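Below, each structure is written out as structure tokens.
Here chain A shows up in two complexes: once beside chain B, once beside chain C.
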Partner chain A sequence: MSEETLSAGQSTDDERVLDRISLTQAGLYTSLVGLVLFYLVPVQSGFVTSIKTSDALINTQPFAPPGPNGATLESWEFAFNALSQGLINSLLFTVPATVLCAVLGSMAAYGLTLVNWRGQVAVFVLFIAGIFIPYQAVIVPLTQFWSQYAMLDHRLGLILSSHHATILELIITHTAYGIPICTLLFRSQYKTMSWEMIEAARLDGASVWRIYRRIVLPLSIPMFAVVFIFQFTQIWNEFLFSLTIIGSVNDSAASATLILSGLGEALEGVDYPLRMAGALITAIPTLIVYLLFADKFAEGVRV
Partner chain B sequence: MKRLVAILRAIRNKRRIRTDGGTTDERSTVKRWLDSDFLQSAPFWGPPLILMGLFVYGAIGWNFLLSLTDYSGFGGPDYTNLGLQNYSRMVQDPAIWEATWNTVVLLVVFTIACLALGLVLAILLDREIRFGRAFRTIYLLPFALSFIVTAQFWRWMYNVNDGIVNQFIGLFGLGPYNWLGDPRLVLGSVIFALVWQFSGYTMVIYLAALRSIPTEQYEAARVDGAGTFRMYWRVIVPQLRPAIVSATVVLVLFALKAFDFLYAVFDGYRPRQGADILATKMMREGFNNSEWAYSSAIGLTLFILSLAVIAPYLYTQYKRGNL
Partner chain C sequence: MAQTKLNDVTKVFTEDDGNEIVAVDEVSIDIDDGEFLVLVGPSGCGKSTTLRMVAGLESISSGEISLDDRVINDIPAKNRDIAMVFQSYALYPHMTVRENMSFGLEESTDMPDDEIDERVEETAEMMGIEELLDRKPGELSGGQQQRVALGRAIVRDPSVFLMDEPLSNLDAKLRAEMRTELQRLQEELDTTTVYVTHDQTEAMTMGDRVAILNDGTLQQVGTPLDCYHRPANLFVAGFVGEPSMNFIDTDLHSEADETILQADLFDYSISDEIATKVSDSSDPVLGIRPEDIGISEDPPSDKHDVAATIDVIEPMGDENIVYLQFDSEDSSREAESIIATIGGMRQFESGQTVTAHIPEDAIHLFHGETGEALHNRRLETAESQAPQL
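Coming up: the complex of A and B.
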């Protein structure tokens, strides 16, 4: 075999390989874009439908934009008016509950990870199991507790309106059930923290509290961001507690998801443009948080 | 300051010596206990544990107690007369068996479909590609939305006359079907929508696991002449087992309690015939029919079912030292 033929054979081989690569590349990107359609079409169709007049709804394809004559913002206006109080209520309990969960979760993770004592794994297992509890197993006693035993609106009637009492109940409930996942998230970080640094600080006589405040807390700021983002979307999206603790769509403390679940129910049939507009308005806060911090959200999901 | 530290250290050492010497008196035992890490760390994990413990474990205990009463309607439960009648009622209730069957179908099909689709997504994205992050963000997007929101989208997708699903299969000369109204189709339609929402989640779990596999293994497999598919199937997938296990636990637990989506799709506590699962049955008995004790019994059954999934998982995690 001469050198020439060898190199010639090589080059045709290379070309074939190149062809194959570009073909696989093309196939890869086609499937990726096809999957984008699969994941986005329900949202996209929801959006174009939300700005259609009732005529356009019948006359245009569900995924097609309505065209200049068939477009209207009426549904958005109606949905926003119906949901505005719900959006405020959702914010009122989501933000404090998120902060409380994160702080308590970080403290629990610190006490269970970086301070060494016997039996901490057993206590940690209690926290972890708390993540996986189906809320159906606690929801009847929980509503009993708030409505018949705690009765915050009655006891705190002098300082809180019944509207704020319900919000407070939701804050406490969401905090209690959010602690386990936050503890897990913080612990996953604390486990990788350097022991030597903490040992050294302890030998220098730093108290457990001082080590937390001076060393652990500053190092957990990135994890706080992850927990805030993840918990915010979780609590905002939650429905079961809203449904049972608030009780009625007409309650002044009704959350956004609760109002959305019954939006336009009194009307004849389902008003799809209204429902779609309401769904998108309810999703806006989580969408903003998600799209701005997609990496942090993914990190929260992963652990 | 330095002197103070030195003194403190000296006290520490002294105490240690005394312990070794075995001459500790009662008072220093107490003092040592007060100084112990257990007590010092208690203010950190104690309050979260109490709050969480009361709401989670306290409520489960209370729920068990409620399930033994005959509490229904208004008024309060009577704790003096306890019995297992609600559990025997469950066994005799054909609707419970139907809901259990649907729960099992949902659980198995939903979990396997999410694991499979998520794996495809992860393998597609696990390489240098343009806009890789954008693709990942889009695939995970449904997971960031509330079930109440996605339920609205899917009601429209599944609409009999104008829905995109019927239009799409119409291209192939099929349909139209009443996806959410036909008892034979409804569970499958719900599962499909939930897979749409959750497959991004499994993708993220897989991607993290794939990234931690050293690149040499890919190269070694390539040198051996394995095709892409074979390489993934033989070399990579077996290493994803821990990721598959933990994703399965989360998916199964979700499938057990998928109530929000069904409530929003069917506008209330009663799903269309063929889509009733234990979680919806439980909520309906309690919050629609005011059969509180019966509802608690179903809730406790759900708890035991999820315990059957969590306990082995946590045990193996503990054995491997992952906790």
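Coming up: the complex of A and C.
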């Protein structure tokens, strides 16, 4: 008797629970779909615009796909031709600068966190201050430094062509600017490392360098992924240094972002399909980097 | 294997605001070759700092530490040939057990790889962790990690082992097992070992000798039983032993034919022999270990008998811990209580009035101001005395 009433009571409870679950789930999925649309519509519009002929551009909605007659890959072809040298140049300075930032930042953080010496706080404060120096404030001294004092194209003229000298300048500039933030990121991870573990390694006979090489470095691989993605995107997308150090779109060292800024601009008006194709092409490398390091990135963000 | 000497070793920390804190104050200990010395004391007493100075992880403010007559003050940690086991085990999480154990040999010696492998396997076998060699620390239980940490120290065959509370992260049962095992290992290897703990049971059971520290100063160095029966001062007497020794503040009164220690609630007469030893202090502290107090239901008959009321009884099975309260005629005074341990088979009830017998042979007397021991119990009677049932 009591069983019956119990089970009857349970079934209504279950129904209520079901109702509640479906309501929250419905809400959840609605907002998720909303978010997906919010993020994807601009990308989708950019993509469809990039494959439209000028007629289709005028006659269709920005986010609607062009009909079979209105589609063309002309803009992509043109954008790729215009950007290819820029993409190579950008890769030439972004990859080395990113790797240097990460390696040097990790070493600096190790020296400032897990090695004990006097005055390290003061040095760390200098690093932190580096993060807050606005780019605008250094543009003039920076260009003067490279063009009047360093003059790499002149001094290294025998080994480097002038456009490679410009790329070297960009590598050094981006590395110098990236080290502080990388140091800060690595330091936040190293602070959570077990101090006893470092001491154990010292007692095991390892030198400061060997401890870094064999203990600290392998343990910071997830943080390297974070720094690679972050720094690569930063340097790849950077415009101000490119503009001031390279100077002209016509320079053979011109970066992708610099070329992109002028792409599709003409007296007759803006060529939207061309601009969209250029933007998408330029964005591809950052996507690739993210996909390569995504697993480790997730691990590193959790630290 | 080495003789280790600490000579007036002092450590002063300077805080950010310029305050100086003396963590270790002129500690001198000679540790014999192959000896198991336990450094024990309450937390913050400077025992870990002392150990870290021996390891080279902490600089020495003044004094000298020498290994086999070679002063090692300025020798960096990595060249001291010392292995340490940490409380957190401090294993390298990204390396397998095998890599963890070979790391020290790879870094500190030129040994060829196959010899390192051989030694790691041997040690792993000795520690019973050979099946774990290819696992990583994260996959091991606490007890297994503990064994790996010990193995990592042992495989290097150092001249001194330092252990910083290595058992405190284990559960009680495992801790008792590891205690015995550590002792067996140390005996087998015959390597000088300095072991830091705050647990007086570990200190009593494991060490060849015990060094007791308090507030950065060395209180006493001696065998565990020596420290138990002949404590140098009040601190040692109170720290060693569980439950700890009872202390009763007294005033010394000399009368015509006898000397009396006057406590708040009772008088205790002492013989002339003891009286001459305590004449320095007018207010000596009377100390008596719980197991030396006899309890009976008979009325007081001896001059060392005191009437008392049982407040609480804690049965432990093998023994009963009895909290006794001395009856106060003057109700304004707070009743004084002492702890006695008696055989587990004896039956008493709380609230019962009993007679506590405090044998004169078993009492300790300490200086009222300095806490120094003036008189320790007589040992020759301790063994012959039949357990009081």
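The definition used in the following text is that the second predicted complex is superposed on the first by the 265 of 303 C-alpha atoms of A that agree within 3 Å, B and C clash if a C-alpha of one lies under 4 Å from a C-alpha of the other, contacts with A are read in each partner's own complex, and residues count from 1 in each chain.
The working rule: a residue touches a chain if its C-beta (ideal position, glycine included) is under 8 Å from a C-beta of that chain, and two chains touch if they have at least 3 such contacts.
Quick caveat, the model's predicted, so the values are computed rather than measured.
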Examine A:L219 and indicate which partner it touches, taking first as chain B and second as chain C; both and neither are also allowed.
second
Check the residue A:A200 against both partner chains and state whether it touches chain B (first), chain C (second), both, or neither.
second
Does chain B (first) or chain C (second) touch A:L112, or do both, or does neither?
first
Which partner chains sit in contact with A:S90 here, chain B, chain C, both or neither? Use first/second/both/neither.
neither
Between chain B (first) and chain C (second), which, if any, makes contact with A:R302: first, second, both or neither?
first
Contacts for A:R210 in the overlay, against chain B (first) and chain C (second): which applies, first, second, both or neither?
second
Return first, second, both or neither, reflecting whether A:Y177 touches chain B, chain C, both chains, or no partner chain.
first
Have a look at where A:L142 lands relative to chain B and chain C in the superposition and call it first, second, both or neither.
first
Between chain B and chain C, the one with more contact residues on chain A is chain B
Return the residues of chain A at which the contacts from chain B and from chain C coincide.
203-205, 207
Contact set on chain A toward chain C in their complex:
194, 196-197, 199-207, 210, 214-215, 218-219
For a test of understanding, state which residues of chain B touch chain A in their complex under the given definition.
4-5, 8-9, 36-38, 40-49, 51-57, 59-60, 62-63, 66, 76-77, 121, 124-125, 129, 133, 135-150, 152-157, 159, 162-164, 167, 196, 200-201, 204-205, 208, 228, 249, 253, 256-257, 259-260, 263-264, 267, 278-279, 282-283, 286-287, 292, 295-296, 298-300, 302-303, 306, 309-310, 314, 318, 323
Write out the stretch or stretches of chain C touching chain A in their complex.
55-57, 77-80, 82-84, 86-88, 90-94, 103-104, 107-109, 152, 156
Can you list the residues on chain A that touch chain B in the complex?
24, 28-29, 31-32, 35-36, 38-43, 45-46, 49, 57-58, 61-63, 104-105, 107-108, 110-112, 115-121, 123-130, 132-142, 144-145, 148, 172-173, 175-177, 179-180, 183, 203-205, 207-209, 212, 233, 236-240, 243-244, 257, 260-262, 265, 270, 272, 275-276, 278-280, 282-283, 286-287, 289-291, 294-295, 297-298, 301-302
